[in-house]
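So that you can tell them apart, the chains are marked A, B, C, D, E and F in the order they are listed, and the count of residues begins at 1 in each.
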Amino acid sequence: MSDLVTFGETMLRLSPPGSERLETTSEFEVCAGGAESNVAIAANRLGTPSTWLSKVPETPLGQHVVGSLRRHGIETDVVWSHRGRQGTYYMERAGDPRGSQVIYDRENTAFATAEAREFDIDRIQNARVFFTTGITPALSSTLRETTASMLKAARNGGTTTAFDFNYRGKLWEPEQAEETLTKLFPGIDVLVIAARDARTVLGFEGDPRQLAHKLGSQYEFQTVVVTRGSDGAVGWHDSVVHEQDAYDTDTVSEIGTGDAFTGAFIASRLDGDDVPTALENAAAAAALKRTIPGDVALITDEEVEAVVSEGGDDLSR
Amino acid sequence: MSDLVTFGETMLRLSPPGSERLETTSEFEVCAGGAESNVAIAANRLGTPSTWLSKVPETPLGQHVVGSLRRHGIETDVVWSHRGRQGTYYMERAGDPRGSQVIYDRENTAFATAEAREFDIDRIQNARVFFTTGITPALSSTLRETTASMLKAARNGGTTTAFDFNYRGKLWEPEQAEETLTKLFPGIDVLVIAARDARTVLGFEGDPRQLAHKLGSQYEFQTVVVTRGSDGAVGWHDSVVHEQDAYDTDTVSEIGTGDAFTGAFIASRLDGDDVPTALENAAAAAALKRTIPGDVALITDEEVEAVVSEGGDDLSR
Amino acid sequence: MSDLVTFGETMLRLSPPGSERLETTSEFEVCAGGAESNVAIAANRLGTPSTWLSKVPETPLGQHVVGSLRRHGIETDVVWSHRGRQGTYYMERAGDPRGSQVIYDRENTAFATAEAREFDIDRIQNARVFFTTGITPALSSTLRETTASMLKAARNGGTTTAFDFNYRGKLWEPEQAEETLTKLFPGIDVLVIAARDARTVLGFEGDPRQLAHKLGSQYEFQTVVVTRGSDGAVGWHDSVVHEQDAYDTDTVSEIGTGDAFTGAFIASRLDGDDVPTALENAAAAAALKRTIPGDVALITDEEVEAVVSEGGDDLSR
Amino acid sequence: MSDLVTFGETMLRLSPPGSERLETTSEFEVCAGGAESNVAIAANRLGTPSTWLSKVPETPLGQHVVGSLRRHGIETDVVWSHRGRQGTYYMERAGDPRGSQVIYDRENTAFATAEAREFDIDRIQNARVFFTTGITPALSSTLRETTASMLKAARNGGTTTAFDFNYRGKLWEPEQAEETLTKLFPGIDVLVIAARDARTVLGFEGDPRQLAHKLGSQYEFQTVVVTRGSDGAVGWHDSVVHEQDAYDTDTVSEIGTGDAFTGAFIASRLDGDDVPTALENAAAAAALKRTIPGDVALITDEEVEAVVSEGGDDLSR
Amino acid sequence: MSDLVTFGETMLRLSPPGSERLETTSEFEVCAGGAESNVAIAANRLGTPSTWLSKVPETPLGQHVVGSLRRHGIETDVVWSHRGRQGTYYMERAGDPRGSQVIYDRENTAFATAEAREFDIDRIQNARVFFTTGITPALSSTLRETTASMLKAARNGGTTTAFDFNYRGKLWEPEQAEETLTKLFPGIDVLVIAARDARTVLGFEGDPRQLAHKLGSQYEFQTVVVTRGSDGAVGWHDSVVHEQDAYDTDTVSEIGTGDAFTGAFIASRLDGDDVPTALENAAAAAALKRTIPGDVALITDEEVEAVVSEGGDDLSR
Amino acid sequence: MSDLVTFGETMLRLSPPGSERLETTSEFEVCAGGAESNVAIAANRLGTPSTWLSKVPETPLGQHVVGSLRRHGIETDVVWSHRGRQGTYYMERAGDPRGSQVIYDRENTAFATAEAREFDIDRIQNARVFFTTGITPALSSTLRETTASMLKAARNGGTTTAFDFNYRGKLWEPEQAEETLTKLFPGIDVLVIAARDARTVLGFEGDPRQLAHKLGSQYEFQTVVVTRGSDGAVGWHDSVVHEQDAYDTDTVSEIGTGDAFTGAFIASRLDGDDVPTALENAAAAAALKRTIPGDVALITDEEVEAVVSEGGDDLSR
């Protein structure tokens, strides 16, 4: 039985090698990535048995995604669909001042039609934490309902609910996101949110400490984590605010950094760590993730501990 | 001014290397392919200035397609669209008994919305041949109208109309195809059709000679070419039937063989060759295409001549 | 609960690309392969839930192997070891007259120390079939005992035992193999054996029908399958002999053909098919495997059915 | 009709992957690059219709070059030659202190025999700007005459002439370059020159502002741009000097930076921008180019604007 | 001290991967190949210590060639030159009817300037066999003299001289070749010649047996070998003619087949084998070579023996 | 006759491309590396004829290693063994905080059985310097004796002995290393040792100058070099201490940096340079090595000189 159950869409990611441009590349590297499966994998690798729920087309592309996730160790419990596309996204890596670029190709997917009644809700209710993100309800009106139903089922089953706000400007407008997501807030115990989203989507003001405090108080979350990229993170819990710096890192792939952070935070909390320790582990996992190609945090407990205790490894031989 | 103008969708093709399976590949090779641009390129390389008309999303993926076609020498005259997807398809190569496999991902494309009024119809009316295929009207009801309008415009402008029947079972049912395409027949001068399609979609019977004759007579085409893969082709013109064998070939990529055949046939006819000579050149182009990776016939006049005159080249050094 | 449980070593396979030589290659393609996991995967893909038992070093190399197998859908239940190497093998592909070449590097492995008491024997006793091969007892004296114990446990639990003779001349001498393996025969219900091994290791004579009959009668097996590569196979069951031709196939990778055959035979039998039908499915699976790179039969039920019913697929689009 | 016409040699570039050495690499990445086509492509992508004139061997290598340039959108008007080589160059990338290394293999090329009378001079006279560089006359005595003729024809046709000094120490001695190129100066309206070349080849002294002023006054150029790599550039126009800093950039490929600068400068000026704005756009284009593999600035107007207005893009999704 | 000394040019070979066309490939595979070094390597791998003499530019490209040959085990004794190019050639692989294609880029090379006095002639005079081919004198008038001098020096030193006629139509006309090469014949002991060259360049008629006999008698060679590709070879020695069939082979790379044949023939003769045995070993080496990518016969004595005795290896494991 | 003879094991190195993880990589890049051959190659490229002695399995893997080293120009004099493995190691590259990781797979190698009597000791006694490292005696008790015998033979032959301490924590414990290696010290003339090893294995204290002085005085070495990575090195000779800074470098591969340093130091000393000059050259070679993939310093004299005189090259063209 998994301690963590996540629900969301995982896409096939297609990236030109190195810094090639989408316009001229002659090949794509393929991997699978999605916020909710990324979180499940990060948590699973750090010791929290995890399951990913989704709806996937019964095609080689859908099987590619599910096989990839299974390889990384998590359980997958998917509804196989005979209709709808497999979502893909194109990722062009670039240094400054060009900047990396993402093109979503995720309309009319099988996942967009996923309804709560298609899933085994016991899975959620028997877990210790249920997790999804603000991307899921952005994908279709059906998913808006499904997300709400699942959060409610989790709450009814006594399962802690965790949610990453994850606003995606390529999917919807800020107003729409605000309206939809704040409606879900009462059903959420642990909120992770980027400081930028708290400001531009929710209209909060202040430094990250203030954002965390305001969010926590106003919506009566159990825990709020405000993330600030390379500036670290702030955790609010029991009305206390804890600050955590980011670790220095040689970035190979920035995608999935936040998910590594969140997965490690959840795993650490489920492991009994207090919020400051969980933030520390989360920051270490995020730094490690950035050294790894692809979307997924292929990290180990030992590596997280090494970062926390000494800032990482020298070449040992 | 181009002698040949074609209209159709060109997709981004994603193929695993070698015989890898879609389900497990870690990379895709990328190229662009579509029946109508394949035909334009084959004809262009054999000396017929050619232009491809289409509607393409204004994204790096759309630009990839257009740049690829330009590289191969044809002119491109495209409507850039801010809406709609770039069509893609996944191609898994396999030997027998597995067999190659194609997965289309071409719903909701920009091309599906292309209307005749968006294009410069003079382009068509000033050409000597206008070409499209049965794939185009299979893609949307809008395209059904667009195809009809363009064929009519060509006819009005005195431009010869050529059409490859190209039935695609993954796009529509035989009945639907029959109803739609036979309505277009009165506007078509030159029909290319696979013997298999003539039988299973149009319900004709008999050997390929009979199929060609029946089709030609019943619909009053100027020319009918019935193709039979490795069994060669039959051409019907002025009530005379001509047979052409296929050349032996070491197949690297079967996709685009028919388009190489048709492009070479058109180029040869425009060059003043009679139907038997054009069939011979077409068969040579088809055999050469199969030795070349990708969808496109990157061939030369000299190579076609060498195949016709001596069955191809030895290593010369 | 898995219907099929297999036990054996899976190696990391390192192959130069294409036909490159080991001596000069600048890269290796990596995959995981081993007879017992290959069989589990083939059976699993054809509908028989399968589990692989093994002992693996707790290193990234061991995790590579386990992750690869999980990706292909089977359950893995492994003893993680802090001692012993991960077995590897080097595979050089070549056409005739050079011939492919295998170099084993599988001494001092963690697997060679695997003892029956380290595994959850209930797994075996609750399965419908337990499978291992003649490679396992060839690897160490410890494994000779482990194999015997597991077969005995299976028999005691009422689990059918299946065994592929799989003589490997690079691991031991024929006399040693004969002595060891014939001792195990009384505990085996279903024997798969190459005609060549029946002759050169066990000293039987006659055509494959006679080999099957003699083996079945002498050792009182339930079922005997004698395989003959591209000449097909013979099945002996209830004193009746059934012959099965091999299907034509474009070979990309010959490694794992026999395992695909055996896995499909077991899956088909567990699915209730009679021996002739199981042989037919097994031959189809073997033919499909040869079109797929690597050691593993990444095939589907639909593909096996297509081969059996029509000899395979044309390109469909 | 193109606004910009350039004339020069484009080579096939062969580079080992990553930081591999030429001496031991087992493969070369192939692309096409040459100062004059690089400038045409950069200008074309930023909205200035551009044509490249050249003489190219009628071989697959020559066709490779021409196809590559067409892919990037420019028009190509080439004299196909049955004699002479296709120029190539070998590029070894390396970080400090090794430093990148270029080996030219461009002797006896078809281009070295290009005479003015082989080209359609109307092309040049109908353009708004004609551009070539100091590399062209360095390649042969024939090309020295051709360059002079073309500049004269442009002047006669009322076409603005732009010239990048581009001294190449691997092609000729400073004295030879000085003598040849200063003779061309009276026919040039816009000169781009590296501060280093102004000093070591032309013997000017002073800071870049002084260099620009002295050059402009002494030779009566309309505009002089003195470039200083990562230290920015200085523009002199109407006796006024404008300074422009370089933008920070993550360098993937330094080759072609200057050409991106010059192409963007010309496009911006043709678009009606004043010199300071053109320098700003040029600096942005140069910074973007360095993030892109190969010789060519595959950039967009939007990207240039983003760099100018905000210093580049964050990952947006 | 080497038993075999060869003299000739070795080029850097650039080939698109797979069946890609030169015109569109985005990468080249790199290897080194030349008839005389290919022969030295084949002989060396079969037990004849061999040295290659040449003149090579002192650049990373020249060092690439020399390092590659050293890797394959032969000694290299080269004159390093500060002038002249490294010869290259482009190789496009293709199946029928396209056919593979070679583009030489070997003008103005360092090698073309090689004079006999630059080499240590003792090397040649202390060897048992000196070998070169008809390619060498085709490359420059200097090399015509050098070849003659070296053959004369070998003869004076009592070294057997062996020569492969190797007519290359891309280098010179048949008449020129005939005139030049027949002048060298008196200094040659062992001639290897393709039946095709004997007919079209030297004007001999008859079947291969007759060709061998006529050549041997007319020019008083010690040994003549007439090669016929997949139709085998004929050896003439002491007025006796021996026939040898070719072995069946799965061809990966046809380039270098003749050199493998000749190298193995020389090695076998130096090892004391009679002409029929040497022809047998040569045919086996040629068949093995065709299974190996690149120009060079990376074969072993054991493999040659296996082909001769049983027609090659099965997969053994 | 080589001036430098080294003795040691060279492994086949298997590395995932880029920053991929061992656990999930689908390919390995292959190269050969070992401290003693790395040193021989570095010295050889800088003008010191060098030979590597070793014992290697007679398999394609052993031949791969020997061929690779020959390619880099050194002589190889190896005992070919029919028993024992070829040592390999897996190298995972990673930036901070993950850090690169090495997994040795070098047990039961052929090399571990190498005895002094198997080698031609004259090779050592006729050289000017004999070199080995602390890795060799760490590999087996046989090698402990072999190392001692060879050092003694060198001393007896009047050959200078040089030794890199090279403590490898993955091979043995500090105590064991200290006991074994200090016993060898009386036979060593030139010691190279990392400051870290001097402290943690030998228990010395103080800054690097002090470490060098204490080591030199206590064990009566002729020369001691204490290396400190990016902090430079200290040389002690004739009771005088010389300091050398490290040069800045863009690191592509850190493996082999120390060996490049040591090889260049030896070559420089053999060339007659004094210790400060040799340290300077050594530091330059180390900086250059870090820009080159793989284990080996593919550098030239000119590059070392350029670094020493001006800190390296700009792009020149």
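Here is the rule we go by: contacts are C-beta pairs under 8 Å (C-beta built on N, C-alpha and C of every residue); 3 or more make two chains touch, one makes a residue touch a chain.
A quick note: this is a predicted structure, and the numbers were derived from the prediction, not measured.
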* Asked: Through how few touching steps can chain B be joined to chain D?
  -> 1
* Both chain A and chain F are touched by which chains? -> C, D
* To do: Could you put a whole-Å number on the gap between the CA centroids of chain D and chain E?
  => 45
* Distance from the mean Cα position of chain D to that of chain C, given in whole angstrom -> 62
* Cα-centroid distance, chain E relative to chain F, in whole angstrom -> 40
* Asked: In chain E, which residues are in touch with two or more of the other chains?
  -> 21, 23-24, 26, 67, 71, 101
* To do: Would you mind giving me the full set of chain pairs in touch?
  => A-B, A-C, A-D, A-F, B-C, B-D, B-E, C-E, C-F, D-E, D-F, E-F
* Structure fact -> chain E partner, complex, touching residues on chain C are 18-21, 23-24, 94-102, 104, 168-170, 254-255
* In the complex, go through chain F and note every residue touching chain E. => 67-68, 70-73
* To do: Using the touch rule from the top, collect the residues of chain C that touch chain F in their complex.
  => 14, 21-31, 59-61, 63-64, 67, 85-86, 88, 90, 92, 101, 103, 105, 107-108
* To do: Quick one: which bits of chain E touch chain C in the complex? Just the residue numbers, please.
  => 71, 247-252, 284, 287-288, 291-293, 298, 303, 306-307, 311-317
